[in-house]
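Each of the next two complexes has chain A plus one more chain, namely chain B in the first and chain C in the second.
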Partner chain A sequence: MAGNGAIEGDGGKGVKDMGVERIKSIKGIPPEENVLPGTPACAGCGGLLALRHCMKALGQKIVIVNAAGCFTLLTIYPYTPFKNSWLYTAMACAPAGAQGIRDALDILIKKGRLDPDEDLKVVVLTGDGAAYDMSLSSTSGAINRNLDFYYICYDNEAYGNTGVQWSGATPFASKTGTTPPGMIRPMGAELVKKDLFAIWGSHKPPYLATISPAHPVDLINKFKKAEQYNGPKLFIALSPCPPGWGIDTSYTVKLAKLAVDTGVWALKEAVSGDLKHTVVPKRFKPVEEYLQVQGRFAHLFKPVRQEAALNKIQEGVNEYWNRHKLLL
Partner chain B sequence: MYRVRFHGRGGQGARVASKVLGTAAFLDGYYAQDFPLYGAERRGAPVAASTRISEDPIMERGVIPEPDIVIVMDETLLQDPLTMPLSGLKPGGIVLINTTHSPAEAKAVYKITAQVITLDITKIGLDMLGMPILSTLAGGVAARIVGLSEDSLKAAVEKVLSEIITDRKLLDKNVAAALYCFNAITPAKIELKTIDTNKKKSTVISLPFEPAEISSPAINATGNTPLRMTGNWRVFRPAWNYEACTRCMICVARCPDGCILVNEDGYPYTDYDNCKGCLICVGECPTNTLGKVMEVHAKKVTG
Partner chain C sequence: MLTGNAAAAWGVRLAEVDYIPIYPITPQTEIIETLAGWISNGVMDSRFVTMDSEHSMLTAAGSASATGARAFTATSSQGLLYGFEMLYAVAGWRVPLVMVNVSRGLSSPITLEPDHNDVLAARDTGFLQIHCETCQEVLDSILMAYRLAEDERVLLPIFVNLDGFYLSFTREPVEVPDVEQVRNFLPLYQPKHAFFKASQPMAQSAAVLGGLAYSYFKYQMHMASQNALAVYKEVCDEFETGFGRNYDTIEGYMLDDADYVLVMTNSFSTLGKAAVNAARERGLKAGLLRLRLLRPFPVTDLKAAVTGKKAVAVIDQNISIGKGGILHSEIASCLYHEKHRPLLLSFIAGLGGKNISPDEFEFIINKMVTGADTEDAGTAQLLYTDTEWQEMGRLKGMAGKG
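Presenting the complex of A and B:
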C-alpha cells in the first residue's frame, strides 16, 4: 500500500507551536527504546506499537499506573519490559492510584525529601474497558480535581485480555464474544461506540488527543505539545488487535492507516477545548475497505450483504466529518 | 478413559483441536469433555487444551496432569521450560509432534522416551489451507490415535467450524485437511495399565495470610523481558536482503516489539532472539529488502 509516504508528512504540516520542537519525519523519532522486547503481548499487537512510541515521547522519568488488561501482563513477575516504575491497580481505579502517587511525590518534594530533579510524570495506562466503562467515575473525579497526569488508553475496542468481550468502545456491528451475530441481532453489536474524547472534553481538561500506531510522528508531536500543560492529558490510541479483530498479525499497521484514511478514526487534538484535526485524508476511502478486511465484520458481507448496517456505519462517518466541515 | 492434552501457541488452534476431538468422540457414542486451559488469551503465547474421552460418564474435572496422549502442535514448545508439554505423560503413552523430523530423530533430539509419532502438520496446513492454523489438522491426527471413525471426524469438523467461520470453501478445505492428517499417520498402540491404583498425595498447599508488602510481588529489576526470548513464537522469520535498503527507518518505526535494531552504518537488522514473527516489517518495507522464510526450514538449511 502506498501509505508509507504519508508518514513523512503527517503532523508536519502544522506551524511550529510556541517553542515546541516538533519532529518532521520518522527519522526524527527518538531512537531510545523504553519498552523492551520479550513481552507476552500478542505478535503484531497494535496497542504495543502505540505504547512503544508513547514511551519514546515520555522518556524514563515516569511512573506508570496500569489498570488490569492486556498490558498489565507486560509486567509479570519477575519480568518487566520497562525502565521506569510501574504500579498495578484494579480496573476501576488507576486514576485514583495516580492521584495517590502525585500527592506523595508533591509532599516529598515539599518536605525536601525528594530532589525536584527526581520528580516523575504520572502516567495512567489502561485499555478501553477501563477507560470507557469501568473507571469512568474515578477518571471524572481526577479530571475534575485537575490532577496533573497523562492518561493513555490503548483502544482495542473490546475487553481483550479476557478473550474479547463487548465494551463501551466496541463499534456498531462488531462481532465480539458477547455480541455474536445471530438470528436476533444479525449485525452483532447493536450499540454505537461511546465518544470518550467528548466525555473528557466536557470536563474541560487542558489537553486531549487521539493517536494511531501508524502515525508515530503525529503521536510524538502531540506528546511534545501536551508536555507544556499542567493537568489531565488524554491520549486515545486506536489499536488494531489481531486476535480480537480477526486480522493477520502482519496487518496491524495497514489497518491502523486504513482507519484514518477512511475517516473511521479521526486524528485530532484539543488544547483547552480548541479542536484541531491533525491528519485529514485528502480523499476519504469508503469505510467498506476498512470493514471487509476484518474477521469481526465478516458477517456484514457473508453469507448475505447487510446493506442497512453498512450504510449506517458509512453515514456515521460522513456525519462526523460534515459536522466538522472537513468532508470534501 | 483417554486423556489427551494439546499444546500449541495462541492462534494455532489448540482449543479448537480439542473441541474437534471431543465432538468426534461424542458423535462416535463416547462421553467427552474438552476445554482450554484458561489464562490470558494471547496470540503466539503457549496455550494448552484438553480432551477426555470415556465409555462411562466422566466425573473428573480440571486440568489433565497425567495425559495418555500429548499433541505438540509447535515443536519449539518442547524446549520451553515454562511449558514442558511432555510433563506427566504416562509411560507407554503417545506423543505426536508437528515437525519435519522422523520419529527416531525427534526422540533423539528431544530425548523422549515415550512413543513418538511425527507429522509436518504446518506444511500440510500451509499447502491445503494456505495458512498455519492447525486446529482441524491436529484434531484429525488425535482422532486417529484415539481410534475414532473417519465419519465422525468429518461431522465434527463441520459442526465445530460452522460455529466460528462463515466461509464455506475454507470449511471444506479444513475437512479435507483433517481427513488427510487422519490418514497420514500410522497410529501406535497405547500401552497403558488400565487401572491407576497409586493415588498421589494432595498437591494443594495452604499459604499463610501475609500483609500486602510481603504477599504482593515486587520486581526490583528494569527492562529484563528480553531474557524471555520470545523468538521461538515465530512460524516465519523476516529475512533481509540489503541490496535495496535505503535506511529509511520505516521498519524500525513499525515493529511493535522494538525488535529491529540499527547497526553502526545505519542499517536495520532483526533481534531474532525476541522477534515474534508478526511480519509487519515485511509488509511495510517500501523496497523489498525484507522477505519471509519459514522458521523450521530456515534452521535446516543453516544446520
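Presenting the complex of A and C:
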C-alpha cells in the first residue's frame, strides 16, 4: 500500500499525526482496488465511490456483513466484486451478524482451531435505512458490548433499493416516493434528518467519523486513525444517489463536495468523544447552491419559491456551525 | 433428577458448544441461566452473549455457525416469532445450528403455557424438528441434533422442542452421559462448506436474481432435509449403541396390535399413553403413535405404522385458524394414496396448556370406534369440557360479558 511507510517529508505523500501515519494528498491513496468494476450499482453511485475508498483503506483481510439495501446486490450469485469475504444478513441485524462472526473468530483462534493469521476485520456495510432506523436495536447492542468492528453507512438519505422512499435519514423538504410534495404538504418530507452520529456518540464508542466520496484523503486518514482503536468504529458517508436525488450521473462528486462546502454535511470525527471537524470550509456557500441542482428539492423553487422551507434549511445549517463555533 | 430445561442445558454442555447468543423468555430462561452459570464458573468453555432481541440472537448464532463455531441458542413463542425472518435466513445459510424451542402459546391473548403453534409456524423454514416427551429425551436429542445437523449430507439447522411448564419445569430422573463418550459420538465440528478465513475468502448468502438459482437452492435444502431421514436412522442406531437408548422417528406405544391409534407429540403424549392403558382395560385395542421427528416428516415410517389400522385420531395441540389441526392435514396428505388407509379423525386440544382429561381421551377413542363402524370420520372437534365451559362462563360473567 502506497500510504504505508510514508513519513514526514517523503515527497509530500505522508505526515505523522500523533504516531498515526496520515496521507496529505491523493497521491497517498492506496492504489489497490478491492471493489472490482462490473457491479449492478447505478452509474454515478456515490455510495459505491465511498465504498471503493473505504476498501482501499481496509484491505482484503475483512469480512463484510451486509444489511438489505442497494449494496446487497453487489454480490449476486455467482459473482462478487470483492476480493474479501461477505455475508448478507437481513435489514435489521448486520451488527448482530458481525457479533457472531467476531466472537466465532475469537473463539476458534483461542481454542487453536483457527490460525491467528486467518483472522479478519469485521465490517458492517449498510444503507441509511438500516443504520438510522431498523437496525438501531442491534447496533446499540453491538456498540454497548464494545464489539470490535467497523460500521460503514452509505447514506443516500432514503430507502433507495425499494425505489427511494423516506427514511430516518431523509432531510427536511426532500421529495421521495412517500413524501411527495402536494397541496397539503408542499415541502415534501416534514421531519428533519436524525443525527446518527449523536446516537452513536451517546454509546461512547472509541471512534466516529463522517466521510465523503469527494474527500478521499480525509476518508483514508480517518480509517488510518480508526485502525488503532479496538471497538466499534462508525463511518457515515453522505452518498449522492443520481436516481434518488434527481441529479446527473456525472454530478456525484461535485454534489458531494457542495454538501461539504455549504455546510450541509459536516466532515468530522470523534475519538473517545473528542469532536473535531476535519474539513471546515473557509467560506460557507449558501445552501441553495446545493439544493437547487437536485430534483428532490426542485419543488422548493418551482412553481413558487418556498421561502420558509428554504430558510429553515439554511437556519438548520447555521445553527449547527454556530453551535460548534465554526461559522465565521 | 433434572428439569426439562436443565436437561437441555446438560445437552449443550456435553456437546461442548462454542458459542451461545441468547435472549430471555419464559419458560426458556432456566436453560440460559444454567449455561451462564457454568460458563461463569469455568466448567464450560463457551462464549455467552445476551443480544438485543431474538432476531439478533438468531443472526449471531447463525453467523457464528457460518464462521465455523458450534453454536446453540434457545427461545420460545413470541421470541421465535420475533426472530422468524432469520429462521429462513439461517437455514438458507446451510449451517448446523441447534436451537431449543420451549413451546408456549402465541399472543394474543398473551399466555405462558404450551401449545405448538410456535414451533409449527417454523415448519417450512428448513430447520429440522425433533419433539420430545421426556427430560432424558431432551438431553439426548440435543446430542443427536448436532450429529444430524452437522452431517455433510444434511447441513441444516434443527429445533429440539419441549413443552413449556409441563416438561421444562418437570423433574425426572435423567442419566447424564460421560463427556468422553459424547465426544466419540459427536466429534468436533470442522466445516468444509462454510467458514470465514483470510486465506480463503468466501461470499456466503449471496443474492440471486430470478427463479433459476432461487429454486435450485431451495430444492437443495429440501433434498438435504429428505436425506436427513436416512441419516437420522444412522444417528439413531449409533446413539443406541453408545448410550443404550433408542429414539426412532416415531414412537409406538402398544401400537403393533392396535386398531385405534392416537397420534400425539411432546409431553401430553404421556397422558395419551395413560388413556391407551385405560382403553385396553376396557377391552379396546388402543395404541399411541408419538411423532418425534416432524421435519423431515417421517412419511414412510408413519405409513407403515398406521396403514391397516381401523381408525387414527390426530390430537393437534395447535390450530391453523380457518383450517384446523396442522398435523391432521400433514398426516392426511401422507395417507391419501394408501389403499388400506385408516379412518382419520381430527381433534384440537390442549391449546395454551389446557388439560386433556381422561374423559376426553375416552370420548376420542369412542369416536374412533363408532367412526370405524359407520365409516364416518366426522368433522374436526374442538375439545372443551362442560366444566371448562361453565368456568369460562363464570369468568365472562366477572368481565361483565355474561
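One rule holds in what follows: the second predicted complex is superposed on the first by the 312 of 328 C-alpha atoms of A that agree within 3 Å, B and C clash if a C-alpha of one lies under 4 Å from a C-alpha of the other, contacts with A are read in each partner's own complex, and residues count from 1 in each chain.
The rule we apply is simple: a residue touches a chain if its C-beta (ideal position, glycine included) is under 8 Å from a C-beta of that chain, and two chains touch if they have at least 3 such contacts.
What you are looking at is a predicted structure, and each value in this text was computed from that prediction instead of being measured.
K.L.:
Is A:Val65 touching the first partner chain B, the second partner chain C, both, or neither of them?
P.N.:
second
K.L.:
Taking the superposition on A as described, I'd like to know which of chain B and chain C A:Phe82 touches: first, second, both or neither.
P.N.:
After superposing on A, A:Phe82 lies in contact with both chain B and chain C.
K.L.:
So, does A:Leu73 touch the first partner chain B, the second partner chain C, both, or neither?
P.N.:
Both partners, chain B and chain C.
K.L.:
Looking at the overlay, what does A:Gly97 touch: chain B (first), chain C (second), both, or neither?
P.N.:
second
K.L.:
Name the contact category of A:Ala298: first (chain B only), second (chain C only), both, or neither.
P.N.:
Touch status of A:Ala298: first partner only.
K.L.:
According to the stated criteria, A:Leu105 is in contact with first (chain B), second (chain C), both, or neither; which is it?
P.N.:
second
K.L.:
Enumerate the residues of chain A that count as touching chain B in its complex and touching chain C in the other.
P.N.:
Common interface on chain A, chain B vs chain C: 73, 75, 77-78, 80, 82-84.
K.L.:
Mind pulling up the chain B residues that touch chain A in the complex?
P.N.:
Counting only chain B, the residues touching chain A are 10-11, 40-45, 166-167, 217, 219, 221-230, 233, 248-250, 252-259, 262, 271, 274-280, 282-284, 286.
K.L.:
Name, in rising order, each residue of chain A that touches chain C in their complex.
P.N.:
60-61, 63, 65, 72-73, 75-78, 80, 82-90, 92-93, 95-101, 103-108, 111, 113-115, 117-120, 137-138, 140-141, 145
K.L.:
Touching chain B in the complex: which residues of chain A?
P.N.:
4, 7, 26-27, 29, 31, 33, 35-46, 48-49, 52-53, 70, 73-75, 77-84, 161-164, 213, 216, 242-243, 249-254, 298-299, 302-303
K.L.:
In the complex of these two chains, what residues of chain C are touching chain A?
P.N.:
Per the touch definition, chain C meets chain A at residues 18-19, 21, 45-47, 49, 51-53, 55-57, 59-69, 71, 85-86, 89, 188, 190, 196-199, 201-209, 213.
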